[in-house]
Amino acid sequence: MAGDLLLFLPEAACLLMALALFGLSLPRVQDQRRVHSWTMGLSLVMVAAGLAGLFQEGSLFFEAYRVDLFSQFFKLLLAVALFLVLSICRQLTGVEERYQPEFFLFLTTCTLGMMLMVSAVELMTLYVALELSSFSLYILVPLRSGDNIDVEAGVKYLFIGITASCVMLFGMSYIFGAVHSTYLAKIAATLPLWIHQPGAVIGLLLTLSGLLFKLAAFPFHFWAPDVYQGAANQVTTYIATASKAAAVALLIRLTALSAGTSLYLLDVLMALCVASMTLGNLAAMVQSDLKRMLAYSSVAHAGYVLMGVLTMTRLGYSSAMFYSLAYMVMNFAAFMVVVKVASGGQDLKISDLAGLHRRAPLLALTLMLALFSLAGIPPTVGFTGKFLVFAAAMQDGHFWLVLVGMINATLSLYYYLMVIKAAYLAEPAGPREALAVSGPTRALNYALIAAMVYLGLFPRQVLELAEQAVRNIF
Amino acid sequence: MTPVMGEYIRPEAVAWAAFILVTALTFVGALIAVLPRNIIYNVFGLATCILGVAGLFIFLGSEFLAMMEILIYIGAISIAIVFAIMLSQPMHVQIPPAWRPKLYLSFAVSAVVFVAFSIIVLRTPWEVALERGQDWTVRRLGELFLTRYELLFELISLALLVAIIGAIITAAALGGGRKSEGGS
Amino acid sequence: MDPVAPNGNELLLALLAMGLPLLSFFLVFFVTRPWVNLSCAVSLVCSGLPLSAAVWLLAGHWRMEAPILWQLTWMEGGGALVTFGFLLDPLSLLMLVIVTAVSFLVQVYSLGYMAGDPGKAKYYAFLSLFAWSMISLVLASGLMQLYIFWELVGLSSYLLIGFWHHKFSASQAGKKAFVMTRLGDLGFFLGIIVLLLNLGDLSILGLNQQAAARLTPGLLTASALLIFCGVVGKSAQFPLLTWLPDAMEGPTPVSALLHSATMVAAGVYLVSRLFPFYQGSPQALGWVLVIGTVTMLLSSTMAMVAEDIKQVWAYSTVSQLGFMLMGLGAGGYFAGVYHLATHAAFKALLFLCSGVFIHQYATNDFFAMARAGARGLKVPMLTLTLAGAALSGVWPLAGFFSKETVLAALAELPNPAWLWLGILGAGLTAYYTFRLLFVMWRPRRLEPPPEHGERAGHGAHEGHGAAVYWVMAAPLLVLAALTVLLGAAGPALQSFLAWGRPLPAGAHHTWLVWASVLVVATGAGLAWLEFGRAGAAQQGFLSRMPGLWNLFANRWYLDWLYRWLLDHVVYGLFSRLFTLNDRRVVDGGIDGFCRATLGAGWLFSLLQSGLLQYNLFTMVLVMALVGLYFLLV
Amino acid sequence: MNAGFPYLSAILLAPALGMLVILLLPHGNQRAVRWVSLVSAVICLALSVYLYAAYDRAAAGLQFVERASWVPSLGIFYYLAVDGINLPMVLLTSIVFFTGVWTMWDLQHRVKEFFALMLLMVVGVYGVFLSLDLFFLFVWYDVSLFPMYPLIAIWGSTRKEYGALKLTLYLLAGSALVLPGILYVYFQSGLFTFDLVQIAQAGLPVEAQYLGFFLFLFGFGVLAGLWPFHTWSPVGHVAAPTAVSMIHAGVLMKLGAYGVLRVGMFLCPQGLGDWSPLFALLATVGIVYGAFVGLAQTDLKYVIGYSSVSHMGLVSLGLATMSQGGLSGAVFQMFAHGIMTALFFSSVGHIYDRTHTKLIPELGGMAKVMPRASFFFILAALAGIGVPCLASFWAELLVFIAGYRAYPVLGVCAVLGLVVSALFMLRVVQKTFYGVKNERFAQAGDMTMVMIVPRALLAGTILLFGLLPRLALDLINTGVAPLVGMFK
Amino acid sequence: MNSLHTYLFIALVLFCIGLFGLLKRRSLIGMLISVELMLNGAGLNFMAFNRFLAPDPAVGQVAVLFIMGIAAAEAAIALSLILALFRKIRSVNVEQARQLKG
């Protein structure tokens, strides 16, 4: 049982943290600082647990739960993402003070749901874990204080979410019908029997839709702009980083079921990939709200990830894994700046960044690097991620897809440059005081810059880890 | 039932009648749940439909599930919806008729989905499993919950917990006492 | 005649001649420019020594047996081998002496002429640059080297014409000269490439000896004509002749050096240099003859109506160059070269004399000069007359003999028309030369000498009038001596140029001598009637024919044609259209594409209408399409 | 392989470290920023000159090789080496970099950021020239491009934001073709290595070369100013600050041509054959077109921008001939044009600094006002016209010969373009520097001796290589020769 | 009545009616009701496959049970959110919640 516990270590830590936060949320009056410190401490423990559990392998709960490098990689990613998001929650101005423990609680349960999700190898478990994380987010989105848009965003998120989950369930039922099992391992084992059954393939596709929703890929992306804009900045950060990573993980696991033998699936995924990239990038060009723009850009990035996934090769999967890591780092860096600049928790227009280079040079630098990284400019991690994804697609012979991807990357540069322009060139209308950047934030900035460049130039270790992870998904 | 009766009303016929009844209940309920503009009819439609589905579950061999279906959907969900309706909108206010094209488009796209999926269902050679267990007892379900679906069981309780806390926070706290006259 | 390598002495002298002016250019331009006198001294030394070297070489090789060749690889790549070196043979030695001599004399003369000019040091630097390029051109052992220095000569010309660049016309003229000669060089360059690609050898000796044998006649003619395009540009032949009169905007010594004696003669030199090559293609020589003739007549007519003294000499230069080309085109190698040599002497002299007047009276109009009392300046006036007589071909001056040889060469041609045209040209030359001389000698109204301050020509040089005058006069005397003496040197030069062997003696046409003397006398007499005799109106017969007068004064509307072509075709059509295309089509297309992209973005963002159900509708629609697609596959 | 001191890495690292140091310097310490930049520039220059001298021309081939595995699973190598093609480019970069830093010495506005970005850009440029690994080549290629945006948009002039945006998007659109091309080649070669030399030696399937060259031609061609994808270049030149224009026109445009040569032609020598007529046609159109459009411009920098289009067309034409002479000429032209344009822009930069205008009609008689600046500009113009004994003459000579040999009609058109370019260069010189001076600028002031140094270096280089072309050509010929062998 | 396809069709009809409602209804509560129909359709599918094909008859039942649980939780959250929205904009009409767009 001790071995089992070790296998379950990250989840256990997360659960523990959730319990602790639940306890913290009970008293009527809380000291916000203390809660935050506790949360940070606990999430650090979680990161440690994630690290400790990185190379564990095994299976739990009657084969419904599988611990392997693949899942542990993503768990570590999730733990780190949670830690990072919590680290910018010190001044939680976007959320009313008395709900802050709950806020942390839901972040934690969401993370827990995703951690379980990446390890789940049984469809129902997977589904329920997915719902657990979704529920937490449904609640986190409208927790923002102030505007009306938060609830509206929450409602839209919820309805698109439950529609997607209905579709997903419907698809699962077809898979169940065709394969007679909900265990991924069995499904994969009987691949030749079902792959040419229309019901099964459609079922798989519909199942994927739930994950495409999480990933905000076309056509399940409609929530993204609204939620990004409507939710509190920190929540948006979380949605933009952690939940994407988990979605990628599941997408890989589920797509891998078909082992690349269904041309139909490939075609549909390619179409969605192209549509996501194009639509996201084009729509992002005309945005004036920074978070909304980043939302559309996340739609485009969902397309890039899909490009890696749809190749259904090892290189493709490992590149998608790398990309999700890259995406997490760079997107977090961008949102961190958003959170810091919008210190009142308000929404941030792109034009509000004017004069940032003087108000906070370090933040401006981080933002610029993050945006260049998102645009896929070397030597940042975003480029390396894109490069790997494109390489995977090219290896599979999707020349045109790569071309479209590159053209899209160029398009995307336009709106990223607009932001950089605002931060570096535009002068604010009135005098704005310098932004105070605290020591830890400074350190965080340096760390992020270093991470973006280091991972961009030295992808070797992570890449090898990812390759090792995808070698044995089932 | 006497044997005499049995000669007139054969079990198959009864079963057929019952099946048609539950199917009709399901469809009619579903339509009522969707079509009328008055929201309270829709809830009744949902309840009717649920009854039909519960009947279908019985036909499919699981009385337990039928019971749970009624319990959860009618007992919990429908009631909650009714409360929500009462809290949210005055029932006598008629909602203006819908924009026509939206109706047609919705119908068209749903119909296309229906046709497409029907053909897919028909084209799929659904295969029967080689070995089939026959243990339909509730006991077996309970066993599974504690063994194979242990994690699932825990998970769903966690999910429900989260949902409840969330619902409390959202419904009780959000918007209450704060500026509330916004919106268009 | 296989070439031999130079001995140490020859090598040293030749390299000295080639290298010193370059050294002087760098020294003066980059180092000594702030010290004007030092700069002049450096430059003078560096042009005097090459002159001595040239004379030494000429004297030492008066009876040379074989050409002396020395060369280094300058650049190599892609089948093109560019050598740098020198080829000493009679022609190049003769030309070297001419170039260095005129160059040195002009530099001496400029001491006075440019006195007080703020850019004097720079001027000397440019002169040195020119001397270097010209000497290297003359001595070039390969066609490519010749071409390179040919271009550099053009560059020096550009710099020197535009030397007073604050004058708009000067910079305009410089530009025009550069671009027009460049146009000709285009052909020259293409000709070189044709030869290079088909022959693989660009050495002058090789070309002269083997080209005719190794090239097909068509290619030979084509390349010869292409190369001749360069000559047309550089020697201001028809139709590229109008830059040379404009080039008179430069300082007068520059006109003397570049635009009469040496640089423009480079074209003629090139044809002589490649004479055996040209002989391989009678068609090409025929074209040379035609172009030369046309040019000679056209520019003579222009000279007849010009009132600017430098313009007259410029037109006459053009026409004399055409005359040389006629000689060459007629097969008279010696005729062309001889006329080149004598022309260098008397034309430089003409310009330098005119320079004195211009310097003195601050005007270019010889009518005005005459009225101002030009004939009071004895030395220049006498030398001017001498040189003018030489130009007209008055016995026993140099011009007479060289002109005779050319006419003799023309007389060899089967078609007598060429000869008559040549004689007609000689008559015209005599007419316009004497027209000028008579005007100068016999002004109608003598004005009182202008106030001292009014003749502030090119700077403040009042202080040292006499010294300046004599510095300028000394070179005149030297050149005048040459003008007289060269006539007698004809036979010697002829045997020198023919490697010491007597040329096959052409028939000596006594009647020809008389005919030309008669024509010259007629021309001069006409000029006397109109300009010289007492009571003459000093109005040429052409002024009574306004149509012709306008045609001649407007240079046969050649400039107008070029202007029109430039304005309407180059600027108005090509440049404007290309620019419009660039703005509207190429760049506008890109901008339009970007706008369209943004528009597409706007359209897509409309999908996000805020209405939840439209979004759901899209989702379902895509699902339906995916389902349908499956059915179709 | 030369063991020993890693010269090439040192060249790459010097500006990179310089950038880091600058970033870490406290704000407001502008002196230190300048000195750090200058020191790194001097180090690069010294190393480049040393390499240029120390390269063994007799042995030829790749020298000073540094090769290490980077990501073994993908076959990415850290692979630096020089041969006769990229060594002149490295020298060019060093010279322009050094002079660029010196030229911007008096910059006052946001100094730290400027020099940091400039150093970053230079790192990228060195990286492209030195790397023989496709992955790294592309990485550095983009690294050299993206600092352009802030550099132009912040410190630029006329329509700077528009120009910066256009340039950046355009160039990265070009790289959108290059990356698929690289990946395509990577997989088509079947070697799973990004090592350019290996792929070139193994040879690609001919069909793959066909598509591959197309991608490289148009991808890199955009940066080389290939017609009709050139419009970013004048707009960008006009907007950019002096040093950026210098580096941009002087070096960055060469990256494009270098890319076509090093990647496109080395990897796809057979695919080139089918494209070369088109390539040559576009190049020639560019030559003539650039010259004609240049005629109509009234902004000094636009004129230079279009002359760059024209001159880079010569480079392309040289490449398209696929012959020893054409390639040598193209490489030499890259070098010569780089130095020449840098001189152009640094002179114009001075004029603009002093008069705050670069419109030709407003200027006039500048030769009187600032004779030194005028001298350098006119020298550059003469080099641009192709006056002998200045570096670009030799390059143009080789290109014309090769161009005429391969495509006689296009060759003649290209030579014709040269006359037009003479016309417009001289027109600019006449209108700007000669004629009546504008009294408004009478007190504008000439270059000081300190400011002359970088210009003199550039001018000296033009003269040196013009008088002694073998200094470059002997080297370039060795680099080009193996490639010519591959065409057969 | 004893055929798989019958049930699959019934489920599909339910699902599509739900879809139709989801797209058509403007009341958020009405949309929620439609979603419940869709979930039931999915559940019915599970049970149908369970009855006719699956090796272990418990699996489908378990799935349906969990679907119900999820549906209940979803309904709870959805209703509370709808109420919160109602407090803010005084309406449950989805067409009036359109501040977020573009």
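Note that the chains take the letters A, B, C, D and E in the order they are written out, and that residue 1 is the start of every chain.
The rule we apply is simple: contacts are C-beta pairs under 8 Å (C-beta built on N, C-alpha and C of every residue); 3 or more make two chains touch, one makes a residue touch a chain.
Note that the structure is a prediction, hence the values are computed from the model and not measured.
Chain centre most remote from that of subunit D: B (centre = mean of CA atoms).
Legend note: the chain whose CA centroid lies nearest the centroid of all displayed protein CA atoms is D.
The chain pair with more C-beta contacts between its two chains, of A-C and B-E, is B-E. When chain centres are set by their Cα atoms, the one at the greatest distance from subunit E is C.
One simple way to say how far apart two chains are is to compare their mean CA positions; for subunit A and subunit E this gives 26 Å. Distance between subunit A and subunit B, defined via averaged C-alpha coordinates, is recorded as 32 Å. Once the centre of each chain is set as its mean CA position, subunit B and subunit C turn out to be 102 Å apart.
Work out the mean CA point of subunit C and of subunit D, and you get 37 Å between them. Within subunit B, contacts with two or more other chains are made by residues 102, 105-106, 109-110, 113, 117, 120-121, 126-127, 129, 149, 152, 156, 159, 162-163, 166, 170, 174-175, 182-183.
The multi-chain contact residues of subunit A, meaning those touching 2 or more other chains, are 124, 128, 131, 135, 138-139, 142, 148, 151, 154-156, 159, 163, 177, 180, 198, 202, 225-226, 286-287. Those residues of subunit E in touch with two or more other chains are numbered 15, 18-19, 22-24, 26, 43, 48-50, 53-55, 59, 62, 66, 70, 73-74, 77, 81-82, 84, 88-89, 94, 97-102. Applying the touch definition to every pair of chains gives A-B, A-C, A-D, A-E, B-C, B-E, C-D, C-E.
Contact residues of subunit E toward subunit A in the complex are 11, 15, 18, 22, 28, 31, 35, 38-39, 41-43, 45-46, 48-50, 53-55, 59-60, 62-63, 66-67, 70, 73-74, 77-78, 81-82, 84-85, 88-89, 94, 97-102. Across the interface of their complex, subunit C is touched by residues 155-156, 159-160, 163-164, 167, 198, 201-202, 205-206, 209, 218-220, 222-223, 225-226, 263-264, 267-268, 279, 281-287, 296, 411 of subunit A. By the touch rule above, subunit E contacts subunit C in their complex via residues 19, 22-24, 26, 94-95, 97-102.
Interface residues of subunit A facing subunit E in the complex, by the touch rule stated above, are 124, 127-128, 131, 135, 138-139, 142, 148-149, 151-156, 158-159, 162-163, 165-166, 169-170, 172-174, 176-177, 180-182, 225-226, 229-230, 286-287, 292.
Those residues of subunit E lying in contact with subunit B across their complex are 1, 4-5, 7-10, 12-21, 23-27, 29-30, 32-34, 36-37, 40, 43-44, 47-59, 61-62, 64-66, 68-77, 79-84, 86-93, 96-99.
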